[in-house]
């Protein structure tokens, strides 16, 4: 490659730093030209350690830099749609952390801007790049399970967020289940057409007081006739539980949890093995690099991104329907 | 034991024969005094091979035999409630195959007769005696998973029944899922208070034409606040899939399938292991003897049977609610 | 079948009782006409409960009964060869518990008697009939692992025998490993040509004082060029450990332990699953019936028994070679 | 840290490149000041891509650079001992790929030079840093398996090396098993005192013609009384098979293979799961970084390295004893 792809990273919180580090260390053909964060002072050492020369406190400097080909949006959720639109208007390719927005109109505005600008847009549903789930998807795609009939996703966190976070999170369906809504679309290759949310507060009363739920079973119908269920808990005592199962006319494909080791200890008392990898950073670390690779590939080869702006919209629509279903106590049909 | 317990078996189809054989071979303290079947001629050889002396074509001879302490009702479903009432009135203890009936009033009539007669009544929900599910229940009971929050049951048959059978079966929820409704009550130790059935026809169109479904996800709410889901298919290509998971505040207990062997073959092509045991006769064979043992124990020690007449009623009520939910497309509340 | 096969059981200790019960309950075409035990009084109730009419204190009554077709020899080891010869001379088919004898000349005398009489002779190496090991053998036989290159057998008991037993046991190689010597012959379909025993006392010093070992690794060479290893311990804290692995040019087949249930409990502390089935009665119960079935089949169909008298001799020869190897501290070649 | 640790890498073949990349990308506190390779031209691009400024064709320039604190020796095996001595004499800390040498006298010369110079010396037995084996070692160290009685190592390659390589490899015991000899010392925390090698040619006749073996079972005795066995094959059809088991008075700890995914596919034909990770680069990638981290820690904290020069000598002694055992057909005692 003659010329390096130049990117700017907007927002240098936990996930922004992960992306920065992955790009610098793993993609020799990409240069992180600048990183922007409202607390620019706090990230100077970090930027320097990676050899990133420009650190801004205003992301607009990145948008305005004509040399920058693509932006990685990792700022706070409420800024995603606005920055997406500005970056699209400036002709930058965009990788945007999920969700684009919780407001459907604002997401639609992003979709329009992206279309108008003709740029690449990818949403950060990193779990699609998890080695296990990717293999299940490949088996489904290759027809190994036949016609999909039932899809099941288990998604449980090791510990609940603080109630303060819950209040501003958009609710469990949009904050946590949104990944699972994307997952069922990815695994089945079909759209959700009906949702019924069976949800409750069993983990932490404070979550209920904050107006949210922490335990849920979401029953789904798909356009292709399949049915599905997602089960969520904000707290699994044994750690991060992330499994999927796709059942079809020819069989089933199941992805179990990853564990730190394969070691089994057998004693007079018990046969014990490892708990799942602790949380998303441990479980999904590789997927953050892999999604980035595919984003750059899409730019360089001018191919569609693997998780488009539409893929950013759909899970929000399902999440809003789940919320409505829970509030009304009955299934909600999604209009296409 | 001085005197043997004397039992009569009513109905000598597949399951009646299994019970007869188990009793004769495994319970030295029980004598099968008589066996009745409308096709008495056809079972004479069978009876003789087990040393059962009396073979009747009319079950009333068993009911009328004052020497007989208990009856095992394995006749066709539509006769269960009637024979139960007659046997109760005659003061016999009763083991009755599931379901008691599909009609709630007739079940209630049985409940009254049983109460009046003061006899032991046990319903044939044999899966409670499966080694795997029993252990999960024990772990739950011993508090090992903490407060139950989510219960999941996977129950899939290896092959669908003929459409003719489907027509008279009472429908999948009452014919197949009824076992799973019993299982969730058993595992959680709580009652189902709401049901939502997400069901469809994906296995065999003939089942749909017969007015039934063959694939379902049934979402449940329990009195103790827990939620649950059952997934059913009339056809799993890889065989009989019978798993449960109970998730609670302290962890989860999962029962996987049984397999014929533990052998794993690793070659250049693949790593392969056994499919589940083929069907219910293979998977649940031991449970048929174990439920019988506990029935006899209840009689001999004058203790409650492990699966009471009420336990026969409840799953029918849930099944009827599931049917209604499916027809109406919304959740149905069960009145206590 | 017109006429039932008539058998006599000689020796009614634990294993004799198991065979008696299996035959009475599982083989309708076989009649246990008599059972003999030096303590005849003690087994009368047992015999009666199974409907066995003749109970003798002298096995010769069985040998002398012209109606009896076959004898099952379960008496103490030191009587096996003598009774085998007498029974063969009387024209009875013989099932003899392992080992035939620890003395090669006496085994050879049995072999000659068997040959002369032209009767069926089967040795009780029941593990060949274990569902797991049988499947491994079938995979090997069907060429699924290719040419056998390495065979590994793990065989560990849950608890050591008392030192008094050890003294008269013939030593670990002949008492315990003998099963494994049979297993490697069975799995590979080849003969052992060299043995090196690396053995020691690590479990119980009293076993060492009794002149025996309790922990061993036995390295083997086979006629077909394969190599193998058996590892033994008289005490595995977690229970009965019985696994095999056959590695060949096309892959490997492994048999893991059986467990009471498939249940896995995941908590904050650990992920725990079942220990292996406790001991040989739990693990190999079915194999005792299956070996008997094949013995009767061989008689009825006049086909070779699956474990011949030669199969009774060979493991003793390997065991004696292992003993010599341990004493001399070097490999011992087996002369054919 | 004020000042960065400066290292020079000697030899830039596959493993040299891995170390270079790991150091540059993962250890911000270490600077790769120079890299030397006899084919310096061929690695210039590689060095540049990592920002390594100095590329030499003569390693002596690294030895002579007073600024360089430590050297990483990844050159061809026959140069390890010579370069080690020169680097030690120059006062550099040394990380040396295994083996130090196949000649015991030359290894002893290295040991002396290291002692004289008082520098840190670490040998590249990377498998000690594998997540699975490390956990087994920790369980053993923490007393979870009690006193070690039996150790078993399975170590099989996915494909044999070419016969030309075999000729100069030092033989399987020194080329391949040497890792396993290190592993049993690591796992047991004890020294091997006797070796018996049961080995043969079953994979490739060309290996036999080159004077080597390709299939082996190596029986071991340890100073602490334990016994052990290593099984090797140069070709496992299903891939890289790397497992260990430590059995002791309190139980056993087993490390299974790593697999690319946890996905299980169940169909009418079979239940299939992943083969092991393909080869050592896949399986042990993380261990290469982890051993380097501990080397740098030892330098910076002035603590002993986790794999000392003595740890480099011992496996060679065992390998030579195994070779002798194979040639003589009997066990060989190792003199301390």
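Letters are used for the chains, namely A, B, C and D, taken in the order the chains are written, and counting of residues starts over at 1 for each.
Everything that follows uses one rule, which is that a residue touches a chain if its C-beta (ideal position, glycine included) is under 8 Å from a C-beta of that chain, and two chains touch if they have at least 3 such contacts.
Everything numeric here is computed off the predicted structure, so don't read it as measured data.
Averaging Cα atoms per chain gives one point for each, and the point farthest from that of subunit A is the centre of C. At the subunit A-subunit D interface, residue numbers used by both copies make up over half of all numbers present, so the two copies contact each other through mostly the same positions. Computed from the mean C-alpha positions, the centre of subunit A lies at a distance of 43 Å from the centre of subunit B. As a whole-number value, the distance joining the C-alpha centres of subunit B and subunit C reads 39 Å.
Centre to centre, using the average C-alpha position, subunit A and subunit C are separated by 58 Å. Of all residues in subunit A, those touching 2 or more other chains are 237-238, 250-252, 266-268, listed in ascending order. Contact residues of subunit B toward subunit A in the complex are 146-147, 149-150, 152, 156, 196, 198-200, 202-203, 215-217, 219-221, 225-229, 231, 233, 235-238, 241, 247, 249-252, 329-331. Within the complex, the subunit A residues that touch subunit D are 25, 28, 49, 131-132, 135-136, 139, 144-145, 250-258, 260-268. Of all residues in subunit D, only 237-238, 266-268, 270-275 touch subunit B in the complex they form.
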